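Okay, so here's the structure we're looking at.
Going by the order they are written in, the chains are A, B, C and D; count residues from 1 in each one.
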Amino acid sequence: MDISVTLRGQTHDLALKNPVLTASGTFGCGLEFAPYGDLKSLGGIVVKGISLLPREGNPCPRVVETAAGMLNAVGLQNDGVEDFCAHKLPSLPWRDTPIIANIYAASTDEFADLAARLNVEDGVAALEINVSCPNVAKGGVLFGQDPVLTAAVTSAVRKAAPRKHVMVKLSPNVTDIALMAKSAEDAGADSVSCINTLLGMAVDLRLRRPKLANVLGGLSGPAIKPVALRCVWQVARAVRIPVVGVGGIVNAHDALEFILAGAHAVQIGSGNFMRPDCAFTVAAQLPAACEKIGVKSMEELRGTLQNGSALQRKHPAMA
Amino acid sequence: MDISVTLRGQTHDLALKNPVLTASGTFGCGLEFAPYGDLKSLGGIVVKGISLLPREGNPCPRVVETAAGMLNAVGLQNDGVEDFCAHKLPSLPWRDTPIIANIYAASTDEFADLAARLNVEDGVAALEINVSCPNVAKGGVLFGQDPVLTAAVTSAVRKAAPRKHVMVKLSPNVTDIALMAKSAEDAGADSVSCINTLLGMAVDLRLRRPKLANVLGGLSGPAIKPVALRCVWQVARAVRIPVVGVGGIVNAHDALEFILAGAHAVQIGSGNFMRPDCAFTVAAQLPAACEKIGVKSMEELRGTLQNGSALQRKHPAMA
Amino acid sequence: MQIKPILSRLPALEVTPFGPAGPEGEYRFFALRLPRPSWKNWRPGQFLMLRPAAFGLELPWARPFSICHTTARCLICFFQVCGRGTRRMAQLKHGDEVNVWGPLGNGFAVEPDSQTLLLAGGMGIVPFVGYVNAHPKPWNTSMLFGHREPLKCYPVDNIHEYIPLDSLRETTPGELDNFIFTLNERMRDCAEQNGLVLACGPLPFLQTVRNFARELKARTQILLENTMACGVGACLGCMTRTSDAWPTPEKRGGLVQACRQGPVFWADQVKL
Amino acid sequence: MQIKPILSRLPALEVTPFGPAGPEGEYRFFALRLPRPSWKNWRPGQFLMLRPAAFGLELPWARPFSICHTTARCLICFFQVCGRGTRRMAQLKHGDEVNVWGPLGNGFAVEPDSQTLLLAGGMGIVPFVGYVNAHPKPWNTSMLFGHREPLKCYPVDNIHEYIPLDSLRETTPGELDNFIFTLNERMRDCAEQNGLVLACGPLPFLQTVRNFARELKARTQILLENTMACGVGACLGCMTRTSDAWPTPEKRGGLVQACRQGPVFWADQVKL
């Protein structure tokens, strides 16, 4: 079965042999997972967030498990874009699998510099803009929580990286995610991915301390799947560019739910921690899962969710 | 051990024999749970949402289970305020346990009418304003997603119910929940409760339909506890009025986590579905749970979360 | 005469598979034996909410099951694996903790001297095990049972002992037509003697029964297995719409709770 | 010479409690026996990530455990119940599915001809079971073991067979002082012969060892049990800060992954 998809952007398309990508920050630079599956079998690899200069990130503890999910406050630790281009990218199978660089910066200008740097790397197929990082310049507001800032960052990256597909990763911590998506679309984004983590917190009752050194962290995993699905559905109805679904996907069934809700592709995040072959398995099992529901291509399923108003539960006649 | 608390409001205090309330919509009118515990042992009972006129609510299916949580789209079904005052309130042990009426309406005026009607009922100790319901007048925006509308509803209810403690229930589906809390405080709220459900969705892949007839629903249960804790922490730092924590609390340990994060009291919601004695058990086990962490009153624990920056994991010396 | 429900924390005694195993060695039908809670009595058609501690936080809801049978010391439920919860129930081991609250809901009518026709589709047979056992004059009752799996997948022994049981297995569309034809005939016979028809099974089956009941003016009750989050009347997730025949005028055409006003309804009083 | 990790889906063979049961009949220490995955070899100090299917969606993370011991056909882990995950592991039954990936991390140094002192605190004894078994000249090794629970709670038999094991139980503060005194003496002896000190145990214990190592200039490795979400280098949750003695200059004073650059570190190269 052909489960390839193309993310048809406003400027650049991104062709994927299957709709299963890995989510940034949960799959290292990719090579960490090579022992558990064939990286070339993935639709694409979104590498962990990259900044212009190396960043140490937040102090530990940075991760904590929660009911059907986890919180993280890694805080953008990475060795910077030069290290990525020199040491990581060359080892990745970028000729066979699109490598998507997840980027963040503290200002629009810095975003542009970073995008320009990656624009010249043949190994990078697309840029995913992480607009959920703190905008240091604007006093703690996040780029992704303001439609004007979202547009500014998107168009800066769009201009600085004319050779690349530009994907904007949306934050769910907003009153109206569709508004942010439209802003990104209007500013030239080729696609949007949603969602990044939900802002959360955990405390240690005995020590009377937050469980994360950073106090606040991002919630991910199966717990947030209903929120992610809702965001994908809202965004897919609001924009014409493709939507990539992220949030709580751990198997092929989950992935197809997102496609049904309107996603063109999906990303596997925390699922990679449940089993390091999670993303590989989702990609491998997708054809069989499609067959089971009588679907022959991704287009046939995508966004075909029927209206709920006519809902009536169907039961098997007799069991 | 004395675990009583008083929610010291701007206009009216609300004294509770213990900080464990039930969350609206998950405990019926209270009597449904009488077989499973002593209603008088609860800190208070928040009854299910009441409107001026009877409402049928949304079509079924209205509830669906998700990973460590559930979605509901009951849609405000209730028999109206007159039925509540005539048939339900008299059977409740309101002389022994504060009864808190959760109210919603489609306009500020309707909120005022409803509040005025309940203001004359001795059996009602407090009103909890549900600002997460659709504001029909303003085209689908929710009262609770706009600080100006939140303030308008709060002050309308405050004026119409001068005899009652007024609690405002905040929605987490906003960019900045502290802003909404401040607006409620400035408009005269005696306390705030947070959080209401997170907007979510579930789909049936085989039928290609939303699992809820209403398509969208509210996510609750342990899955959202990290988000609720974060909201309580943010809100408690932003306002001077008491905060009531709601979201994913299923045992005394969870309850104390919220108090540590700054809550004066808590509400048990979906936990009542896990075991119908959940709220009773949390109330009953709270003293022992306090003892275990060496706390002698709620004040001693409340809001004493240490800063995360100095965080260092403590291990037992040898095990 | 309301029966007060009780919440109990019980150790599972035994989970017994029924019928042949599937191609991968898996069973789908099970009897779960629990110690009998301290209930005084219960009515067949009533149900309980059952939640093994093993559901953890992942599955927050208990699951509703008809009370199948009780002995002086045991409570027996009978279930089919059809999702995440029942799959875990099938793995219960002796001693594993199960939270149970019940008896809940209203139960089937018992008219000892009326001819009583029991109509069961698949798992719909479960409440009739208790019904037949409790009926003061079982010779006035008879059963028609339609099913897809081999008969030994279902708890029929206990019924066989007391009353005649006609069972028809549906494996082809023709057999389904045949079953529906027999259903109609049996309901007609029963209606002619002003008998009582009681039905439990999947929704399409109940819809057929309801249609025949209307046609034949057969006094018919049906048990609705709506999705339930709480079982006690709090979540408003289990609603069923009433018809104009609903007894209290203010609820006619409105929504009632399957867990409180049901799960057993008079077929003419609800819309399916 | 990197050992390539493998992901295996294994049926649990057996969970055996160790030591006496607690006041409520519960055990806290267990050996888990699994079929041996198709690993070629592994180094003591390496660990694996272990995730029973029973974790469901509620506990998304696997848990890290030192590889205790392997035989031709079996892999043995040894664990203490200390939270939700280990509690469920203690309930594993024969045949229950367990996902396992490993061997991971780097393992302890082996210097056959150096005098090697093994320092274990509590569960920190686990990696030394394999170490002692694999050591080509066990007579050059000896062990000091500090513990709080009775000795039979721990997997000491396998160690006893090969090497001298001094064990000191800590139940009063005085006994702890005594243990620390002995620790210092033993490390001093070892340092004087330019021996190798290897330590595993809770953080305060490792901090003490690290301080003595500095003081006595003892060549010392420690195994850090940091919280791990992935075990493979992806989550960046297991970081440890390096000291100025870290071999590669660009990482000096920076953060390294306990799951990849560790879990075994030279004591002078990290900050605790």
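Here is the rule we go by: contacts are C-beta pairs under 8 Å (C-beta built on N, C-alpha and C of every residue); 3 or more make two chains touch, one makes a residue touch a chain.
Being a predicted model, the structure only gives us computed values, none of them experimental.
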Self-check item: Interface copy of B-C among A-C, A-D or B-D, judged by whether over half of the contact pairs recur
Solution: A-D
Exercise. Write down the pair of chains with the top C-beta contact pair count.
Key: A-B
Exercise. Find the geometric centre of each of chain A and chain B from their Cα atoms only, then give the gap between the two centres in Å, rounded to an integer.
Key: 32
Self-check item: Inter-centroid spacing, chain C versus chain A (mean Cα positions, whole Å)
Solution: 46
Practice problem: Averaging only over C-alpha atoms, locate the centres of chain A and chain D and give their separation in whole Å. | Solution: 36
Exercise. Scan chain C for residues touching two or more other chains and write them down.
Key: 57-58, 227
Quiz item: Mind pulling the chain B residues that touch 2 or more other chains?
Solution: 60-61, 67-69, 222, 313
Exercise. Take each protein chain as a node, join two nodes whenever their chains touch, and name the resulting shape: line, ring, star, complete or other.
Key: complete
Quiz prompt | In the complex with chain A, residue positions of chain B that touch it | solution = 59-61, 66-69, 71, 145, 173-175, 198-203, 205-210, 212-217, 219, 222-227, 229-230, 233, 248, 253, 256-257, 260-261, 293, 301, 304-309, 311, 313-314
Quiz item: Can you list the chain A residues touching chain D in their complex?
Solution: 25-28, 32-33, 35-36, 48, 56-57, 60-65, 67-70, 72, 74, 77, 221-222, 250, 270-277
Quiz item: Tell me, which parts of chain C touch chain A in their complex?
Solution: 57-58, 80, 82, 121-123, 146-149, 170, 176, 201-205, 227
Quiz prompt | chain A to chain C touching residues, read off their complex | solution = 67-68, 313, 315-319
Quiz item: Which of the residues in chain C come into contact with chain B in the complex?
Solution: 4-7, 51, 57-62, 99, 101, 226-227, 229-230, 232-237, 239, 254-255
